[in-house]
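After the structure tokens below, expect a handful of questions from me.
Per-chain numbering from 1; labels A, B, C and D assigned in written order.
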Amino acid sequence: MELLQKHILTAIIFLPFVGALVISLINSERKNLIKFLGLLFSTLTFIISVYVFIKYDPAKTGFQFVEKYPWIQSLDISYKVGIDGISLLLLVLTTFLTPVGLLATWSSVDKRVKGYVIMFLLLETGMNGVFCALDTFLFYIFWETMLIPMYFIIGIWGGENRIYAAVKFVIYTMVGSLLMLVAIIALGNFASQMGGQFTGDLEKLYEVAPKVSLNAQILMFLAFTLSFAIKVPLFPFHTWLPDAHVEAPTAGSVILAGVLLKMGTYGILRFSIPLFPEATFIFLPYIAVLAVVGIIYGALVSFVQPDLKKLVAYSSVSHLGFVVLGLMGLTIESVQGGLIQMVNHGLSTGALFMLVGMIYDRRHTRMIEEFGGLARVTPVYATFFMIVALSSLGLPGLNGFVGEFLILLGSFKSKFLGTTAFAIFAATGVILAAVYLLTAYQRIFFGKLTKTENQSIKDLNLREIVSLALVLIFIVWIGIYPNTFLKKSEPSVKKVVEQMEKYRSGVFRAQR
Amino acid sequence: MSLQALVFLVLSFIAIVSAILMITRANPVKSAIFLIINFLSLSIIYLTLNAQFIAIIQVLVYAGAIMVLFVFVIMLLNLQDEKKLSDKLDLRKVVALLFVLLVFGRIALGLGKSVSERFLKQAENSVEIGKVEFIGEKLFTNYILPFEITSLILIVAIVGSIVLAKRKFE
Amino acid sequence: MHKYIGLALIFPLIGFIVNGLFGWKIRKEKIIGWIGSLTVGASFVVSFLVYIELLGLPSYARKFTVEYFSWIKTGGLDISFSYLVDPLSVLMAMVVTGVGFLIHVYSIGYMHGDKGFARFFAYLNLFIFMMLTLVLADNYLLMFLGWEGVGLCSYLLIGFWYDKPFEKMTTSDAGRKAFIVNRIGDFGFLIGLFLMYKYFGSLNFNTVFSIASKLQVGDSTVFWITLLLFVGATGKSAQIPLYVWLPDAMAGPTPVSALIHAATMVTAGVYMIARSSVLYALAPTTMEIVAVIGALTAVYAASMGLVQNGIKKVLAYSTISQLGYMFLAMGVGAFSAGIFHLTTHAFFKALLFLGAGAVMHALDNEEDIQKMGGLKNYLPITYKTFFIASLAIAGIPPLSGFFSKDEILWGAYSQGSFWLWLLGAIGAFMTAFYMFRLVALVFETPARYGAKHPHEAPKVMTLPLVILGFFSAVAGFIGIPESFGLKNLFHHWLEPVFEDANAKLILESAHSTTTEFILMFISVLISAGGILLARYLYLERINVVAKLTQTFSGIYKLLYNKYYVDEIYDTIVVKPVKWGSEKLLWRFFDVKIIDGIVNGSARVTSAVSSVIRFIQNGIVQFYAVVFLIGILIILWLIF
Amino acid sequence: MIPLSWYLFLSLTLFTIGVLGVLIRRNAIVIFMCIELMLNSVNLALVGFSSYIGNELGQMLVFFVMVVAAAEVAVGLAIVIAIFRNRLTVNIDEINLLKW
């Protein structure tokens, strides 16, 4: 037990990997056993991460549960993991969504189940690693690691146009991440110029990077941020998203929307902003503009989508725009809102994708016009869809509102953004979200049941209800009592924000 | 010229000639036989370097086991003679020869510069090093881990070659 | 007792959960219906007990904040689930739960045999919960929770019969329209909250109001805050220009129209302004805007009500118009008059809607008043109560509507201007006219409904009618104008709430009682005139009506089609947005431009590769030669 | 005594012949033999260094090289057999599976 306590983050990162190894030894015909083991390992990971969540002490500053082992000593690159309030939430979200996603799509994947579950567990390892890594090189490796399973998940188990989508996804992401690698190396180099030692240690870089000359900061900031912006995806780098989402299998979409997109925003908060404060101040308004454009653009485009899954995909663009705006606001409220909105988006969009998958399993189409009047035949499904849609459009009392409200509130009063116009334009997204979600909802569930194929649709089964109910618990929880989560992340967020305010007031500028 | 030098020169002459013959024979069986000759001469050269253990292993493993395997496969496949080399003296081969010679020349030049003045005599303990006793002791103490890993490699090789070579069961 | 105000919220919530989750298992309508009703009844009892408690206290002490648990706490923001118990909120809570309880009971009869019986009661209970949250909240954010929550319930309940066609669309279209239009208003509300937070640093009523009471009148930020909040109110309370959803909201079941779209939810905007009276008192410009919008809405909506043929449609426009009166009151600073009208309106408008429901119930859901008539004899109770309510809304003394409306008109004249009073008076005339046109066409003219056999509704439905009828008749006496020499109980009760605001307003103290009486007399005359005209035209000279509509067919059509506002909104907002989003943003910008660049770069790569791939000829030895060349180069570089 | 350079030149010559063989022959088996020749030439250099420097490392390495060579030959010849079975040839010009 003590061993586990000491290496708890390593356990969280590599337990799914162990699971993948175990599953690889099983005969691929025993599909149920494989799925069960996949679920078991991911659930165990979730349980451990809940333990970490409870044990995490927000009162302490800095990173917790840190483990550090030298890796490439001459370059001071190490296996260093640790979490603070920011990564804590996302880590728990990841470990939560993986088993839920597996459970929700238990029966929808039928071919090559073994490979599917293995890919999923490997993906989880990569994602957990990204959120825990405190070394730029380690981060980069995990960042790329999780690309590969995702590529296969889309490329093998996806829809008709899966190869195009998978390649587009990988190439888009690669373009950004290679630039990031260059920036990571450059950053290490600057560290060796200034401190005498090349390093990948994030905490040391936090000290060094802000003192780098402004031009270099700008270049590195752009390299990092481009990579993250593609992942987010920030308008106009978003076009991989609808394709990837539409082609990916349901659980893939859940993870893609729920976790992968968050890596972009997480990266901005973890790397771009604190490492390059001066560059951040320069680019902040532009990024905020893109975020706001993304909010409105995503909402408008999803309003006219005939494909339900694409609609949800574009709505992600809109929601993530909120997150980015929150991060750019750089007030405690808005960053906290951004953080909680990341979790929210993971939950509600994840649930939306699960719901879309469930109807797709039954009808083998996602075209909205093919449905209509489903509330009559599938009342339970309709109810779940309603609640999730309401959460996604930000109804107070459900999770979406807390995030959006905090983001808008914070960015409205933000000194960094300087103008309230961002928040005002972004707030129109709240109206538009109601427009596209309710329109789609109405066309699917309300009206007369016209199509005969729809009359025999079965309502949700117990497994599906359980998987959705698990998500709903958190949707309501965050809606009613977000403090459980806000409390954990507040000190870490506060630290970042206060640091930025100091930089803004020019305390550190003199030192350079 | 000492006896040692004479032995070396004769053996190296045999080795080089047999190597050239090996790569120029059209019949693979003949190539194999020349390669065996080459290996045997090399094993004697090892003796001149006081490496008794390696010399014996060379005969056992290379000239014995590996070459038997080669010959066995050649016989098994019952290969035809390759066309005469000169018939196909095409551009590709000329280019290959040219580049090989260039590489040879370049390395030879470098070698001539770097080691010609050094390593004129064998080390004092060279006799000691080459003994089976010494090598055995080292293998089972300092090099025990790689030594054990070789067993793994061999197992994998055995399994792999069986899997590859066996006919598919219908 | 005030500590347990949370119980008032918990009961409907329990009802919602029980009916929502287990309703399909309970199956027995009686049980479901009474669970729904009694939970609301219980919360009425709680509010009433709190009221009694407050009564026992001196007026300055009638204010408590009850905090349960923290909701959002981060940075400088600290929002709790905490409730404000003061005369205004308790009054609102009693109105909501009282009228709500009666409507719940009525619904047991009205919804009898409906497939979604449990769902209906679950939604209604949720609505009561949200509405109580709205009125009891002690901060703006919690209020906003209720604000949006009631919008949600309204959406769900309007579209309750989601596969029923409704005019040119379906009921769910109407629900969606309501929600989205409300959201547009909420957008303003939200921005208002942001501005408030930025300016005051808090969203709690106590903090905001105590800071505000120290500010100067005419503060520009406060002007923007109040204006933005008012935008929210125009959405929720269906004022110009966001009123368009309310007439369509009549697609919902009639009890819903009575509860949500007449008595309670739509008055939320009025309540919000009354609650923020301190802020509004600081912004005279906003007050003027509120008053003008209110007065215009009152007349504008009433004019459309004149010619509508749907029984509920008429009532819907009447609601909008009456809400206009309430805003007029708010705008001229007659806060307690507005709340007074809100209260009496809750009674008589709920009664009117329930009466309409009883009529429709009797005629197999017929809504067109041209196909009714002569129901007086078949539905005696409904007729009598409906008649009383119509008199009340028309403002005939001594029924409740007279006192409240007259107070507003007096306020408009004394605090505002003659023009506001005139608009109000025109509206009053129209109100009287269309109400009695309705009464005449539905109950008194010869029957035109063919072979149907109308019958009076069951007791469970008529009893609420009678109770509401009683209150519609007598509720006015709690607010008799002071000029009659009696104590105005209602004003007195609300006095502590509006103290601060009234202190800021420059009230015309020296008004003459004579003018007040004259105006009162004129307005009664106007109402009576409207009533008599309607009765004369529709009962005696029905052919004149037809002739009039022919002569003024242009105006008639304009009114009947609601000034074509829906169509205008559709052409200038909805369609361009849809077209632009699809053709311009998605199909052109996303697919052509961005993806064009992305796919273009891929195409360039593959074009280049298709040329250089011939190097890969598959002959290993060729690769080895290349390999060798590489070695050669490296060797050259090293040595 | 002969200097080390003689051994090294012999090693280099044999290695070059091996490379040439790899490049010009078409018979996969002969190519294999050429590779063996190259390995041996490297072994020679290693042993030479070992005894001139007086360090046993070189001979250890030779031992392991031999093990690997043995394994490689086994697997390689198995591949040749498998290919021959499918294609009835060991001419590597005809086995251009790597072509684009």
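Criterion: a residue touches a chain if its C-beta (ideal position, glycine included) is under 8 Å from a C-beta of that chain, and two chains touch if they have at least 3 such contacts.
As the structure is a prediction and not an experimental result, all values here were calculated from the model.
Any chain bridging chain B and chain C, meaning touching each of them, is among D; the list is complete.
For the interfaces A-C and C-D, the C-beta contact count is higher for A-C.
Centre-to-centre separation between chain A and chain C, using Cα means, comes to 38 Å. Centre-to-centre separation of chain A and chain B, using mean CA positions: 57 Å. Distance between chain C and chain D, defined via averaged C-alpha coordinates, is recorded as 89 Å.
Averaging C-alpha coordinates per chain places the centre of chain B 6 Å away from that of chain D. Looking at chain D, residues 19, 23-24 sit in touch with two or more other chains. Each of residues 96, 100, 103, 107 in chain B touches at least two other chains. In chain C, the residues that touch at least two other chains are 621, 625, 628. Contact between chains, using the touch rule, shows up for A-C, B-C, B-D, C-D. Of all the residues in chain B, the ones that touch chain C in their complex are 92, 95-96, 99-100, 102-103, 106-107, 109-110.
On the chain A side of its complex with chain C, the touching residues are 167-168, 171-172, 236, 238-240, 297, 300-301, 303-305, 331-333, 336, 373, 375-376, 390, 395-397, 401-402, 405-406, 408-410, 412-413, 420, 423-424, 427-428, 430-431, 434-435, 438-439, 442, 445-449, 480-483, 486-487, 490, 494.
If you check the complex, the residues on chain C that touch chain A are 69-77, 141, 144-145, 147-149, 152, 155, 159, 162-163, 170-173, 175-176, 179-180, 183-184, 186-187, 190-191, 193-195, 197-198, 577-578, 580-582, 585-586, 590, 594-595, 598, 602. Across the interface of their complex, chain C is touched by residues 19, 22-24, 92-93, 96-100 of chain D.
Within the complex, the chain C residues that touch chain B are 621-622, 625, 628-629, 631-632, 635-636, 639.
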